[in-house]
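Two complexes, one shared chain (chain A), two partners (chain B, chain C).
This part shows the complex of A and B:
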């Protein structure tokens, strides 16, 4: 279970989805593990615009990560063409600046390489707990919540 | 296990004739499912880089490797299949029910649900499954000139067709649509590698022509494209844009 994934999860109880309290789910008793995933700057830059930054900061904070920037890094997705713009801005390099590099590496580690192996995710609206076992989160609801 | 308690008659039925079967045949089933279907492959490859989407009923996760430039949160009812699917990085696979998806509404760029909703045993539940998929997609916006724009998330849904007279099963128009389909599980059970087989039966609702489109419309979706490919009906749909405001 990756940290990036948490940004795309909420409570499975239908009535909770409209409540802002159900997102993000909150971690309890989380055991983390670092995996090794090849750093892919383009992938990360393209995915970042889809990340809810406030939710990510809450999740990271709960798991003890303190390196998340206060603001989402301002990156133009590499796939976005600028052909519409007749004035070509000088492009120094397609790679991020050196100052960006560390931020990006840290985000890669947090979002993609950090796995929650064991623990619980709790809905802030209804309090239901979803268990994570051996890295797999289980969202099947008990009958009284369906 | 209390969290798996089925509650309605349909739930009980699907639990016995779909979920428990897949749980038991997971490994053998997975070994026979490795080739992506061409239309699914094309749909995934056409997605813009950085798209985030869902694979609802991912099975062994064979579609997770098609496009390395998108991020997919995959789910399946079967823990054993999710265990297999979770090997595909950088994606994540979770255990979830397609009638109660744990995803925020109006969020995703795309969703696929391949050979899944035909396992639900009533029309209402099949439509509910489509509703849950559409609800997860980013809505499309309306435009003054053309009525609507197709700028929202897109879903690709695949179901088994009733009309497949040239297939091994041989069903065709007019046949019974609710069927039990055998799965012969072969296992090497001893050191001599002799094979032992056991037959399981899975419930399927075979879709007739136009039925998938009907389900999508009933679920509040708009069919952009649909067709027939190798014994299956498929459709690509968006959420139907509402007039006057973003849906």
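This part shows the complex of A and C:
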């Protein structure tokens, strides 16, 4: 499971959704793997504004990564979606100055090329453990939690 | 400038919504000057060839687009219209290599007839070499006959080929050649159409909550989207015999675009709430065989954790979570609510659902105040049909408050059979086939 995906996951228990303790989930016994993923600046630019930066820093720290910038890179889109043209992605002819190429490449490596193959994710609110096996996390809940 | 779109004459209700979606994606303005469901030919107005090429490049419902040089109901009319409409263009193509082609719909022409018709266009004054392969320009004579009436075409067009569609990938993506499939894998052509309707594209993130063997994520990733899938059935996500969804992505060289597969249930989704998805595509299970299941207990009560040998049962590997019966309508409502919470403004939800082809059990089209219904496409089978519904997430500022939110049906302790009207009808058999319903042709029967 990719680190980017982890940033979009929280505890599946309904009662936990409102608790700030349920996000991000915390790793235990995580085994990591690196893979080669084709770099795509358009996707990174689109997705970074949706990444919860504080949660990413916690996750990265738990997994032993220290390369996450303290602040989210400033991607100041040159155009935002408008209602008339709701699907237009920000089109930048040049990389925004605030974000250099290296920062983007490092984020690509962390968010998309780093995967958790085995381990557990634990909810900080209810303590439920979600297992990850062969890179796939299981979020089905036992009967006392649904 | 006027252009002729050459549609495929199958799954007609998908065609115009697809082209409209592609116009939005390509950011081109399009006006339909003529379009009917019973013709493969549609005349549209576009800015120029560049717009026409961009529009048609991703299309699955059409074969190509042509600059319209003339139209008529007889050849006399056609020639007069060509002279009037395209006279100024003729000199542009005077010396390039070229060829003429015939495209007859519901009719046919002998080679001798074709030759004499082609010769009747001599006045265009093309002096370049005729090349049957790789010519610089291709001119096509389109003849549309009334079905079963060979006495001359109803409509004739002359067009100059401008751009081809995406249909050349269909052979590559066919399920017949895909490594990991099962009986519920969505047909690849329909999956690609769905991806177009939902505006899947470069840089975007798409999610399929009923991922199965990955048909929709593959189609979305073909068009450049990054994709995420989940399924309540862990066997689907994990794969079998060493083959899984990733095997498919690898087969198409798209592995970099597949983010992850999760084992999860839509009613207890682990996805963080927020507007971070560009698109959601799904073919929710109707539960025809087993009845729909979601996590939960039959009577709605919470149970105490069970311990076996001192370890909590639910933490053991062989643990099977409890599932309860769930109506299809309730699932659709949950899916729409989920989409409203997760989609970015302008993001789309495309979902498949059965129509059930019978006035008794016609399933209503689900509605949500934050989701504008964009298109309803229908695929008709022998005894039933299904719909592809596409919605657009409207900005919160544009949500109309007075739209009623459909009440959810809380059903406890019922059997799947009571809950799921479609499933009930399926087992009772659809008694009365509707008159006048056209039957889906096999994929190879396209014309």
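The rule is short, and it goes like this: the second predicted complex is superposed on the first by the 124 of 146 C-alpha atoms of A that agree within 3 Å, B and C clash if a C-alpha of one lies under 4 Å from a C-alpha of the other, contacts with A are read in each partner's own complex, and residues count from 1 in each chain.
FYI, a residue touches a chain if its C-beta (ideal position, glycine included) is under 8 Å from a C-beta of that chain, and two chains touch if they have at least 3 such contacts.
Everything numeric here is computed off the predicted structure, so don't read it as measured data.
Placing chain B and chain C on a common chain A by superposition gives a clash between them. In the superposition on chain A, no contact is made by A:75 with either chain B or chain C. Touch criterion met: A:1 reaches chain B and chain C at once.
Looking at the shared chain after the overlay, A:139 reaches both chain B and chain C.
In the superposition on chain A, the residues of chain A touched by chain B in one structure and by chain C in the other are 1-2, 4-5, 8-14, 17, 23, 37, 42-43, 45-47, 50, 112, 130, 135-144, 146.
Residues 1-2, 4-5, 8-14, 17, 23, 35, 37, 42-43, 45-47, 49-50, 77-79, 112, 130-131, 135-144, 146 of chain A are the ones touching chain B in the complex. The touching residues of chain C, counted against chain A in their complex, run 24-25, 27, 199, 201-205, 226, 228, 230, 232, 234, 237-238, 256, 259-265, 268-276, 278, 295-297, 302-305, 312-315, 319, 321-322, 344-347, 392, 394-395, 398. Across the complex, chain A is touched by residues 2-7, 11, 48-52, 68-69, 71, 73, 75, 77, 79, 82-83, 86, 89-90, 92-97, 99-105, 107-109 of chain B.
Chain A makes touch with chain C in their complex at residues 1-2, 4-5, 7-14, 17, 23, 37-38, 40, 42-43, 45-47, 50, 52, 81, 83, 85-89, 112, 129-130, 133-146.
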